[in-house]
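Here the structure is laid out as structure tokens; the discussion comes afterwards.
The first chain written gets the first letter, and so on, giving A, B and C; residue counts start at 1 in each chain.
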Amino acid sequence: MEIIESIETPTREIVTPGMVISTDPELIPGRGAIREKNNEIISLFVGLKEIRGKYINVVPLNGLYNPQLGDKIIGRIIAKTPVKYLLNINSKYLGILKPLDAFKRNTRNRGYGKSVGTYRVKDDDLMQKLKMGDLLICKVLSGDRLNEPELTSLGQDLGQIKDGIIIHVPPPKIPRIIGKKGSMITLLKNLLHCKVFVAQNGRILIQGGKKFKHERLLIDAIHKIEKEAHTSGLTDRIKNYIIKEKKKRGIE
Amino acid sequence: MIDVNQVVSSLERNYILKLLKEGKRIDGRDLFELREVKIKTNFSPKAEGSADVFLGDTRVMCGIKYDIGKPYSDNPDKGVCTVMSEYVPIASPMFESGPPREDSIQLARVVDRGIRHTNCLEYHELCVEPGKAVYILFVDCYMMDYFGNLTDAAAIAAIAALLSAKIPGAKWDSEKEEAVWDGTIKPLTIHEIPLSITFGRVGDVIFVDPYLPEELIMDGSIAFAVDEKKQITSIQKYGSATWTVEEIMEISQKAIEISDDLRAKLNLRQYTPKI
Amino acid sequence: MPVLVPEPHDPVCFRKDGKRLDGRDVDEPRPFSCEVGVIKNAQGSSVVRHGGNLICCAVYGPREVHPRHLAKPDRGILRVYYRMATFSVHDRKSPAPNRRDNEISKVIREAIEPVLFLEAYPDSQIEVFIQIMAADGGTRCASTTAASLALADAGIPMRSMIVGIAAGKAQDKVILDLGDKEDKVGQADVPAVVVMKDKTISLLQFDGEMSIEEMKLGFKYILKGAEVIYQKQLEALKGKYEAIQLQAQKESEEYQKMVPKLTQEKPLPPSDTVVSEKIGEIKVNNDEEVQKPTKELKKEHKKETKKGTKKPTKKDIKKETKKVTKKKTEEIAQKINGTIENDPKKENDKGAKSK
């Protein structure tokens, strides 16, 4: 019961680095908080304070992406070595994409192409397939805080992006763009008839086809979500905003 | 808004090009529409004159300092005005700390020529004693935020800072053989206000005031400096694009029209200090 | 050749009524204002106006180290670039950094390092660029204040905010926050940076003559003045978000009023607004796309089940949904949304189980 009660009283309180957010010895500092002397728990970020059960967290309002296992992210090839592609993934490290994880070799080792196949394709042939600057949707195969993450572009939804445009928001705001159980993203898609893919590293792929006006409004709406990510009642306001703007811009 | 860094993919290039071919821009403008210009002058109390200019999100801060020095031997009765620009690494993750790069020097030269070859400053007034002492004006432009088209922003900043400047008057003391203060502080005489208009080019499409993603993918651009008499006073072609003579003539005409509108809209004379 | 109007040199620093020339008391800091998020390209940025100082600061990183050999395998490096604009001082400064710039860069770096967790960023660097657009004494203190704001704005974890402020002595009186003139004619200058959490000093320089008692008084003033500036810092950091919160609240209220109207006009819920007849092709796409986020969510649940917290999660979800239907506040939804991060959730579930 305690847990639920704490969820019901959301604190939209903004805290700053070094601020004492609790002196309760029962609470355990979770994300974005540490315990200092005298049982004081201090915040490390500018963010929103939240208490969940025994844990006290600070949800940051800005920051870089930290790769986590299984995340779907959008990377950009910025360098090549003879045996691997290096991808900018909006993190402090470059992502590594080995050709064996990037191309399907035969049907048997689909997914994780590391197992030895029936024949061997020369790596240098595979290194020619992707160009510098190409964008790929990848999944993180291995990732910790201290090493460069390995990626794969084999699997459902993954692979090279050939159409559309990428826009950028701070990664901590991504959960708000997805919304609770995907509510926000469903709203955007249904109202604006564009394809949207939200990657965990703050990049959003938008494919509107020929509907330029819809696409523009979608981009504006995403920037509105980004700006107001820390407020409550966001889904309703975005819905209202899109309906209003649709009338104003003359979109059906 | 759109995530572009130094390595641009064909995806982004194709997208922007596709929009441009339909006469649309990535930030929703028309092909020949400038971004909004905001100007704030005299932000720095230590400078003789200063201006903080926003062109959309592009931001340039410019300050004026003066010195008394020897004139050039070919122009013994004319003052000197030098424009310097610095790409400070604050402005963009692409800029690095260190000595000025080629781009930075080129930009400073383009702004400098825009001012020098227009009937802008009264160079004779900047002379204290012919052959011995003249004013040297330093116009220092700092790029504070890079969202494309630094040339136009820097040109506006430089002229706004010059207009807002107040310079102490000088007279020649023949006994001491040096210039001394005559007790007055007055604004500079500015005859004409030059403005710079930059056109970018991707494929066959020509557009004005490139935004950052457009600037990163474009083949080349041309900057025109236009004076108040509807004359082009300086042209600089950047990049590797080639232009036909017809295109250049056409956009010259466009540059004159756009700069006229902009000059009327900005009303830069309002920044002249009243004494 | 020097410029025409020399700076006035006048040793008087106090008015006849005992106040300072600009009307301040001895322990009163100069007017201070700051703003964050001004440079849109940077990850975090700030502008500080402290007396006549105008300072822009931007933070980039953590990112790759260039050149590579500077990288440390066990910890991140912090690089601070303190640069003055040519027009920021009375006599034009050369644009190239001089010895003073490099020294101040170093002392500022060492003032910031104690509050950062550099060991969490091996092989990478955090870069802090400070540009002085107008200098009026005490730039190294104001720069540190600005750097601290920009780092907080960039979302880099920090133990505490830091505030720089100087004390000094002029005409045999201890004063706080010296202006340019007091700095030049005064007898002593003590720039200091205070770590606000535990009130420790992380930058200290001292030039001049002062007795121990005067030093003590100086530090008392410094701590007092730092508190004033700290409050302004907090206002700026929170203000950036609180203004939007207020605005959003208003819009929400407006929307609540509009709701009955809207439902009359468009009774369909958003999920039904997809017109399948007109654009059949796209509808198919949409359906595919719609599934994606739900799939991802399912995956999260799977992860949780792997960890063996299956039962409590389900119960919790049931409880939650009950409560939600009772109170039907959207804020709860946001609460959960705002923290879709996996870790705390899992931890909580474990906690619940143990209970």
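The rule is short, and it goes like this: contacts are C-beta pairs under 8 Å (C-beta built on N, C-alpha and C of every residue); 3 or more make two chains touch, one makes a residue touch a chain.
What you are looking at is a predicted structure, and each value in this text was computed from that prediction instead of being measured.
> Farthest chain from chain C, going by the mean of C-alpha atoms per chain?
Max centre-to-centre separation from chain C belongs to B.
> Which chain pair shows the largest tally of C-beta contacts?
Per-pair contact counts point to A-C as the maximum.
> By CA centroids, point me to the most central chain in this structure.
C
> Just how far, in Å, is the C-alpha centre of chain C from the one of chain A?
Distance between chain centres, rounded to whole Å: 23 Å.
> Compute the distance, rounded to whole Å, between the mean C-alpha positions of chain B and chain C.
Roughly 32 Å separates the two chain centres.
> Round to the nearest whole Å and give the separation of the Cα centres of chain A and chain B.
Between these chains, centre-to-centre, one finds 40 Å.
> Which parts of chain B, given as residue numbers and ranges, touch two or more other chains?
Chain B, residues with two or more chain partners: not present.
> Using the touch rule from the top of the page, what residues of chain C touch 2 or more other chains?
As it turns out, chain C has residues touching two or more other chains at 63.
> Give me the residues of chain A that touch two or more other chains.
Residue numbers touching two or more other chains: none in chain A.
> Where on chain A is chain B touching in the complex?
Touching chain B from chain A are residues 76-78, 88, 90, 131-135, 161-168, 203, 212, 216, 219, 223.
> For the complex, which residues does chain B have touching chain A?
1-3, 5, 7-12, 15, 19, 22, 24, 28
> In their shared complex, at which residues does chain C touch chain A?
My answer: residues 43-44, 61-64, 115, 117, 120-124, 152-161, 196-198, 233-234, 237-238, 241-242, 244-245, 248-249, 251-252, 255, 258, 262, 266, 270-271, 273-274, 279, 282, 285-286, 289-290, 292-294, 296-297, 299, 303, 316, 319-320, 323, 327, 329-345, 347-348, 351-352, 355.
> Considering only the defined contacts, which chain C positions touch chain B in the complex?
Result: residues 1-5, 39-42, 45, 52, 54, 56-58, 60, 63, 66, 81, 83, 85-90, 92, 95-96, 127, 129, 131, 133-136 of chain C touch chain B.
> Could you list, by residue number, the parts of chain B that touch chain C in their complex?
My answer: residues 43-48, 50, 57, 59, 61, 63-69, 84, 86, 88-93, 96-97, 99-100, 133, 138, 140, 142, 144-147, 168, 170, 178-181.
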